[in-house]
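Notes follow the structure.
To keep things simple, chains are lettered A, B and C as they appear, and every chain counts its residues starting from 1.
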Amino acid sequence: MTGMLKKRKSTFIIVFIILLILLFFLILISMCIGSVPLSFSDVVDVIIYKLPFLNNFLDNDNSVQIDEGIVSIVWDYRLGRSLVAVMVGISLAASGAVFQGLFRNPLADPFIIGASSGAALGSTLAIVFGFSVSFLGFTPIPFAAFLGALISVALIYAFTRTGSSSPPAVTLLLAGTALSSLFFACVSIIMSVSENDLHKIFFWLLGSLNGRTWPHLLAILPYFIISLGIIFILARPLDIMAFGEETASGMGLNVKRARILIVVSASLATASAVSISGIIGFVGLIAPHIARLLFGPAHKRLIPASAVIGALLLVVSDDLARTLLESRELPIGVLTALLGAPFFLYLLKSKQNTLGGE
Amino acid sequence: MLEAKNIHFKYSEEPVLTDISLKAEPGKILAIIGPNGSGKTTLIKILGRILKAHSGTVLLNNKNIWSVHDAARKIAWVAQNNKLAWPFSVKQITLMGRFPHRGWLSSYTKDDYKAVEQALNKTGLKELKDRLINTLSGGEVQRAIIARALAQEPDILLLDEPVAHLDLKYKVAVINLIKSLADHGIAVVISLHDLNLAAQYADRVILLKGGKLFAAGVPSSILNQKNLEEVYETKVNIVYYNNLPFIIPVLDKNP
Amino acid sequence: MISKNLFYVGLILFFITGCARELPENDLQAYKLDEISGIENEIVLPIAVEDLLSRKVLFNEIPARIVSLVPAATEIFFSVGAGVKLVGVTEYCTYPPEAQLKQIVGGYTAETMSLEKIIYLDPDLVIVGGEYHRTVITALENGGINVFSMEMRTIKDVYNNIYFAGFITNNTENAKLRIEYMKEKENKISELVLQIPESSRKTVFWEIWSEPLMTAGGKSFINELIEISGGKNIFSYMDAEYPVISTEDVIYKNPEVIFGTLDNLESLENIEIRTGWNTISAVQNDRVFLLDENIVSRPGPRIINALGLIAKNLYPEIFNNYFDGEDPLLW
């Protein structure tokens, strides 16, 4: 009846570490699989080549000539890509958890106040108008998506402010829904008159990590660190907000400050994820619920657990996306749903009392 | 302690409270009563630093409550409806009452856990501490929220209709709990719509009508037929038991 | 009374059923497109022809007003001298330039076509693409207009449709000349390729889109062009037209030549700065070529120019020798 492992701190830490180890091994496995058939020793050779200090631990003949192409495949397009998947998974899951906490709504996800529609519109406009400004390590389209996401959230926030107080959660939610519809309608209009660019626009809307590697990871790293940093200190305020904003303020929480930090950090995390991967649905909704069912609702555990689960889900989904069909790539959003939904339904069935929500 | 002076409040142009003054004393229960819409909840929120009055002041230990930033260490406010978004356990909920003392980041200490234990004991929830709140009965939920309020270690406890939706058994249990808290020295302000409870438990009563202070004083003198018939606009009979008034509404059997 | 109603009912039924322009089964024998190419004589009407969607279309007269919904088909009609008969085209029918002087009736997909406009132009023949134009086909058929599909997938399809276009518009001679010209170039390229030993054939990566990374698979006409030009498409084994692939496949297969389109890539730099692409032979040896989208993506008369461009970039010295320095862009 109680959240499976919520009681004992040591149990939580153990399980959490197990999940981290699992993630680590999944990443190693990702380096070994792909549309190109490489042998395990190829992969090991690349790892040693890139991390020469490992030679001290391994009995390896490091006079082997290594093919630069193979190095790039393993290091850039498998490891690099998997790490991008990890970052995107963490960002979406953490911001999903945070938005669920702010809105006290189990259906909230990272896109609830319009970040995805802003990113979609930004990237669509950039594609169609051939926007070519690169900025701060972002290539043009990701940059436009990033800006679009931030601008749409800022618009919602500014629009719903009443006087000097920050807007209540429900208002944000409704305004976000309305703006999302508007922006997505604009995207549809643009798509119907820009047949040439339909493919590219679809790619953004379906989400993909095709070609994503170190440069993309580095471009969003600062925003990733900042947003995750803020999110981690929001653990207690988010717990308190479960009582509702009035009680929370009665308990001494500066609700306005908490709200602003929540919106800013979660939107920044979402914007940076969407800017490199397009819109990947489901992860931000499901990972926090899986975490809550396994570890309970206290945000100090929920947020890291969601993050790890999000990372796991995305790495596995991406691995499948690029290996299920010979040489072809599937859209990753399809796989996150195919993997996440059944698992979640199973958990739900076994723990019907503990979903939560208003 | 806690004092309100000449409080005025309105929602847009509608006046909700007009010139309300009151004082909460340690160890005493002050009951705010009146018909629905008379401003009881708003008044409690203003006292609890949830809403800000448009004019007038609320003083906490002679300081304007809005300049006291750690007011939550002294005042605990319990809402009328308490529905938590997520299924926390009783213990977790109670521990959240330590937030005013620890803030966003400081770890909880032995003192915090001690305060939690005391709060759970006082509310009789020790056995239920690991139960999830969505598995509890109405009365148990209410006690859990009060436990959280107690964990704040407040000098002043504000409760908005704490027993309105509870069964008789839980009504009695919670009210008795509140009484014992007052007996321990906490100043309690409680809004009630059950006049008889107010009569039995309150040390002082404030009767509101249309946002105005209609009468204030001890229950036996305030809760009389004249006042009640005027405020509630219906006929009542008063019966005395142990010198306490019991209000019985008159039902008109003949049309 | 009853008989009058029956008459009206019968009339309505007649119109409903009679409006579809597809040929009833036991009537004129329909010619397949390659059979048309075998007809040396003048056209004899009426004639039934089977289009690339296997629809049997009946022609009772020489079409005088033609609407083309396919840019490649527009080019075909102009190339056989029937451009003057075109009354409506799409906004993507950009070649020859005169085509843009015609009425524009839509874009690419079926949803963008203005049926109103098409009907208003009163055509006696509308050229459509493949299944993606199905709603347009049905609508026009119901309106009693002749619809013919020209979704060309191979060079042979192109030759057959050029011949058909000439044939049906009484420009058979022009068609023959055009086809001869194209075949001459094609054959010369094939000869040239025969001179190149199997081991010296260049491996090719053809980039259709960069995000996502999309290439021309075995089922695309681009694949055929690459093969005729003596190249080896590294993704020819894929049983799809335009699959999305991962970068690692491209790096691993290490193509000697990369083709892309100017539209999509804008500059060579965009390929060269990609992580890991500097390990690819084509990038290291500066054998990355960007071509004009409108020539290489349209299976029409200029397919021969596309072929020439590809062959020239694959085997420049041999090509220049064979073709005396001709520029395939000018064919």
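The working rule: a residue touches a chain if its C-beta (ideal position, glycine included) is under 8 Å from a C-beta of that chain, and two chains touch if they have at least 3 such contacts.
The structure displayed is predicted, hence computed values, not measured ones.
Visitor: Considering only chains that satisfy the touch condition with subunit A, which of them also satisfy it with subunit C?
Guide: none
Visitor: Give the label of the chain whose average Cα location is farthest from that of subunit B.
Guide: C
Visitor: Per-chain Cα mean versus the mean over all protein Cα atoms: which chain has them closest together?
Guide: Smallest centre-to-centre distance to the global C-alpha mean: chain A.
Visitor: Measuring centre to centre with CA averages, how many angstrom lie between subunit A and subunit B?
Guide: 44
Visitor: Would you kindly tell me how far, in whole Å, the mean C-alpha position of subunit C lies from that of subunit B?
Guide: 80
Visitor: Quick one: which bits of subunit B touch subunit A in the complex? Just the residue numbers, please.
Guide: Contact set of subunit B toward subunit A: 45, 48-50, 70-73, 75-79, 82-89, 92, 96-97, 99-100, 102-105, 130-132, 134-135, 152.
Visitor: Along subunit A, where are the residues that touch subunit C in the complex?
Guide: 34-36, 67-73, 76-78, 80, 130, 132, 141, 192-193, 195-196, 199-200, 203, 208, 210-211, 213-215, 322, 326-329
Visitor: Using the touch rule from the top, collect the residues of subunit A that touch subunit B in their complex.
Guide: 1-3, 6-7, 101, 104-105, 233-234, 236-237, 239-244, 246-247, 249-253, 292, 296-298, 353-358
Visitor: Residue numbers of subunit C touching subunit A in their complex, please.
Guide: Interface residues on subunit C, with respect to subunit A: 107-109, 111-112, 209-214, 235, 238, 240, 243-249, 251-252, 254, 263, 266, 274-276, 279-280.
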